[in-house]
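One chain, chain A, links the two complexes that follow: it is found with chain B in the first and with chain C in the second.
For the complex of A and B:
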């Protein structure tokens, strides 16, 4: 019973008006009670007329029509609506938290030069290809985090793909100084909301280098990865001739000497699904993105917003109904003085043919 | 039973005409389309200063101290919420000597939730350097706004760190007025201490006088250096005494910001409350036509309502006037 009541209350709460102040005019609907648009009849006292149920019914109907007309118009002017719904459905996609490198070297080409002529900078290539990735599937959710010296939250998790593309469009602007990947990872992990349910979560790191993550940060990250359990993809935009992910340095094998290799080792030790893509050109980047797209095909709950419904048309329709009755009544008005004596007068001033 | 109706009299009746007109107006709401019209939208790049001095808590919100950055964020969120649909908004950060674009312009209504979230997430911890060379940052922000084809809203407190060399504002390289927009000065008019944070981001107190550069001692010494105590052209070109001053305290540097605004052809406004940016930005920005529509139904409905009310209240009103007239007429004859 209380559940039913709550449902009714929730349903009522969804009705609203664009100009609620107009509703203060609603008491005007009582005006037909005190006055009518009829001509006045010279009749000393209505009590002289025998009670007539038909006349009473007609009077009540006309009163109701006047009330309906005023109420309908006031309600129509106030702009009534029924609020839109948020319906959760299930589609195919993933929650993708993108972590984008905005360090200065991203503005160079894959050959490690300043771009010239037909060449494309790494940032420009990833901008183009990631932009195509976003929006290729309708129900993906994206969050964007940038990092250089400090991590920057660019966009929180959202289904608005235009905004995500706008954030990706900014990555080929001149970058900043350093690559501080540890804090960036922490912030990108923080972008997955706690209440996101069973959707598959993807952490996509796009960078052209790596840096040492200090041991304290490593522990924090390990704990965060264990809690959130995202699928981790590292799109490594490798500059030609620079060390790759798997290359052992010639000298000592320390994180400082080969940060890429040690970041890879760290990712592998996290016990989350992890893949690294080494891309040495725009085609390789596109291929990697396609592969990620095909791997992430899990059901994802998404929210569909149903638009709100305008109820003003209904209010005006009701007002029109009331007005039609009133207009017909006015057309059918007779004058007591001109009406025939006898039956005409006996029916009191409220007589209406048309009603 | 048949009664002859007084058609003519009924049709001539004012109240009938009013009700009929109201009915026509009400029926018209069903097919009158919304009127297409153009509204003045804006396209704006908002660049927010996130340097240390923006952490100064010299605003109040709900009776509690509020930092300049929080005040700026609240004002920006209010601004974005009030922009007409079709307006576009881009967001950038400023620290060191350059703006950093977070995202390119996006439409404000469709993408309101992520925009609002992104503004709410602005944090001084995103800063990549501790310097605050506002003049350089503003010049580059103007250039950036020009590149992406928007107007500029630059929110800062105007505190240069390190301080500018006395009386040496570098020339503006762009064309003043080519990019329109607004500089919003954040901060109170009296000096307040600047909070200090450790490398873990925890607040540890306030900056002291010796913590910051009080005078710019790069480049040649100023003209008055020879008069200073302990001046030595080689060993102490700036004088022997340590520079003292109030650079460790902060207030909004309005004279500096107004100078910068005049130099770049922007307008200036003091950030004072959540709604303080809305009208000045609309005034300063280029009006970009965005399609809008005007629903005509409320106007038709209001006219119909007036007619109905008039029809209903005509009789009592007339009765009232007739009675007063009769009274007025009858009184003198009696007397």
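For the complex of A and C:
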């Protein structure tokens, strides 16, 4: 009970007014009790009037309308508002940090050509499919990082999905240079906030190739992965004919000869949940994304921002409602005396015509 | 006061009882004497008045008594106007109630004093209004003056209970009493007033106004304020309510009519304008 009361009090405390001094005029709302600007007909005996609940209700209604009009006007002038707030809620989702490859090869099709006709570039396909992924769950948080030679921070962790979709939409701009995964990974890891608690964290790497990560960078990344412990997904957009993740090179098995295989090995050695998806076409990409989506279903706290709301319009609307009722009542009023005077004056024009 | 100017537009009233008294007037008396209509024959020994010998009755009597004719005395009665001055009489509908009362009293005063009857006036709200009191007088000027004073007075009382005191004041010989009111009283007072006036010949004059019932609008919003200070009330007029209203008013009048008939005469409805001839016809008919 007291908890409920406290909640109600907290709710009330959020209402405020720009000019609270005006609210001292609120007792004016009782004016309709004292008198109403209605024409009164002197009557011999009210007991002769048959009791009528409808009239009684109407009198009450008009009184309320008068009070409402005055209250609404005073409240409207005082400038009422409801203060904004940040509400932390729990939903289902994950913190997803996307690391997108912007190297020049992303602009090619899965067949390794420049796109023509109905063919779709790898970047365009991943844009489309990732865009759908972003919209599908309401409470996911996303960060977008792109990388080629150097990493680019595109969008920090946010729940504004429109912004995320816009950031993803930008990845099919013509790509830049080479692939430098190491620094990109470092920046993508840096996107995870420190205090996000129990939320499940996903690092989604979308790339069509790999590169050698130098050993010093490897140590830094290892430390960062150990600290943040994200679930790592690698969506490898494999060009037809190029070596896959698992393929051993024919020659020497060095990182330079088979960077994909060695990146995969590096990821496996990180001791974080890791899965790699090798996609050789848009359908495979979509299937991989669906799988990721179904895996990441943990409760996540998210912050909902309620902006400050101006309530003056509502106050004026209520006042207008009351005033309209009062004006209607005024228009419906009949004057018993004037009705009788009307009978007398009705004959006057005839006389004038006769004269 | 146009009624005043019309000669011959007197209120003709016939008392229901044979008046006693020694003041010569226009109404049939109970006692014999005077130049009135034939009453009976009595023996000459009882009334030794040789001028009125009834020769035919004397000759017809086998016992050879001598008979003398007796005639009814013409007696003056007192006419009293008992006026309710409670605030509801201030109502102004199609006509001003007090103007109607003034016209009626002036006409009554003129009609009564013209034929030698005394005219008295008692106006009451919660008590008798002594400033408007007129003891029964045959003086024409005084009676007319009192009626004019009454027409100018402003009713303000919250009740008409003073009529009981007025009834006590005019107790005594039977009188012709015009009880002038709108009869918007509590039922108990209505009963008491009629009972206290039962000894007299009471003519209730009901002041009505079409604006109070028949002339009400079909639709509209009206705020009514009680003249007797019992607040105000908002009424949404509509045909159904108007019908109920008129029915309620008719029922009230019917109840008043039943009560008044039990004590003598049906009420005379005075509305819109005062017509002495209509009142005379009503008095002849009841």
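One rule holds in what follows: the second predicted complex is superposed on the first by the 228 of 355 C-alpha atoms of A that agree within 3 Å, B and C clash if a C-alpha of one lies under 4 Å from a C-alpha of the other, contacts with A are read in each partner's own complex, and residues count from 1 in each chain.
Methods note: a residue touches a chain if its C-beta (ideal position, glycine included) is under 8 Å from a C-beta of that chain, and two chains touch if they have at least 3 such contacts.
On a predicted model such as this, the values are computed, not experimentally measured, just so you know.
Asker: If you stack the two complexes on chain A, which partner ends up touching A:124: first (chain B), second (chain C), both, or neither?
Answerer: Touch status of A:124: no partner.
Asker: After superposition on the shared chain, which partner residues are touched by A:319: those of chain B (first), chain C (second), both, or neither?
Answerer: Only chain B; A:319 stays clear of chain C.
Asker: Once the two complexes are aligned on chain A, which partner has more residues of chain A within touching range, chain B or chain C?
Answerer: In the superposed model, B touches more residues of chain A.
Asker: Looking at A:228 after the superposition, I want to know if it touches chain B, chain C, both of them or none. Which is it: first, second, both, neither?
Answerer: The answer is neither, since A:228 touches no partner chain.
Asker: Given the touch rule stated above, what does A:152 touch, chain B (first), chain C (second), both, or neither?
Answerer: It touches chain B, and chain C stays clear.
Asker: State whether A:311 touches chain B only (first), chain C only (second), both chains, or neither.
Answerer: neither
Asker: Is A:38 in contact with chain B, with chain C, with both, or with neither (first, second, both, neither)?
Answerer: Both chain B and chain C are touched by A:38.
Asker: Classify the contacts of A:52 with the two partner chains as first (chain B alone), second (chain C alone), both, or neither.
Answerer: Once the two structures are laid over each other on A, A:52 reaches chain C alone.
Asker: Regarding the shared-chain residue A:334, is it in contact with chain B (first), chain C (second), both, or neither?
Answerer: Touch status of A:334: both partners.
Asker: Report for A:162: first if it touches chain B alone, second if chain C alone, otherwise both or neither.
Answerer: So A:162 only meets chain B here.
Asker: Quick check on the output: what are the common chain A residues between the chain B footprint and the chain C footprint?
Answerer: Chain A residues touching both partners: 36, 38-40, 332-334, 339-340.
Asker: Considering the complex alone, what residue numbers of chain C touch chain A?
Answerer: Result: residues 88-94, 182, 184, 211-212, 215-217, 219-228, 230-237, 241, 244-245, 248-249, 252 of chain C touch chain A.
Asker: Touching residues of chain B toward chain A in the complex: what are they?
Answerer: Checking each residue of chain B against chain A gives 1, 3, 5-7, 9-11, 13, 15-16, 18-20, 22-23, 26-27, 29-30, 90, 93, 98, 100-107, 110-111, 113-115, 117-118, 121, 123, 125-129, 144, 295, 297-298, 301-302, 304-305, 308-309, 311-316, 319.
Asker: Which of the residues in chain A come into contact with chain C in the complex?
Answerer: Within the complex, chain A touches chain C at residues 36, 38-50, 52, 54-55, 58-59, 62, 329, 332-334, 336-337, 339-340.
Asker: Which bits of chain A are touching chain B when the two form their complex?
Answerer: For this pair, the touching residues of chain A are 19, 25, 28, 31-32, 34-40, 66, 69-70, 72-74, 76-77, 79, 102, 144, 146, 148-156, 158, 160, 162-164, 166-167, 169-170, 173-174, 176-178, 312-313, 316-317, 319-320, 323-324, 326-327, 330-335, 338-340, 343-344, 351, 353.
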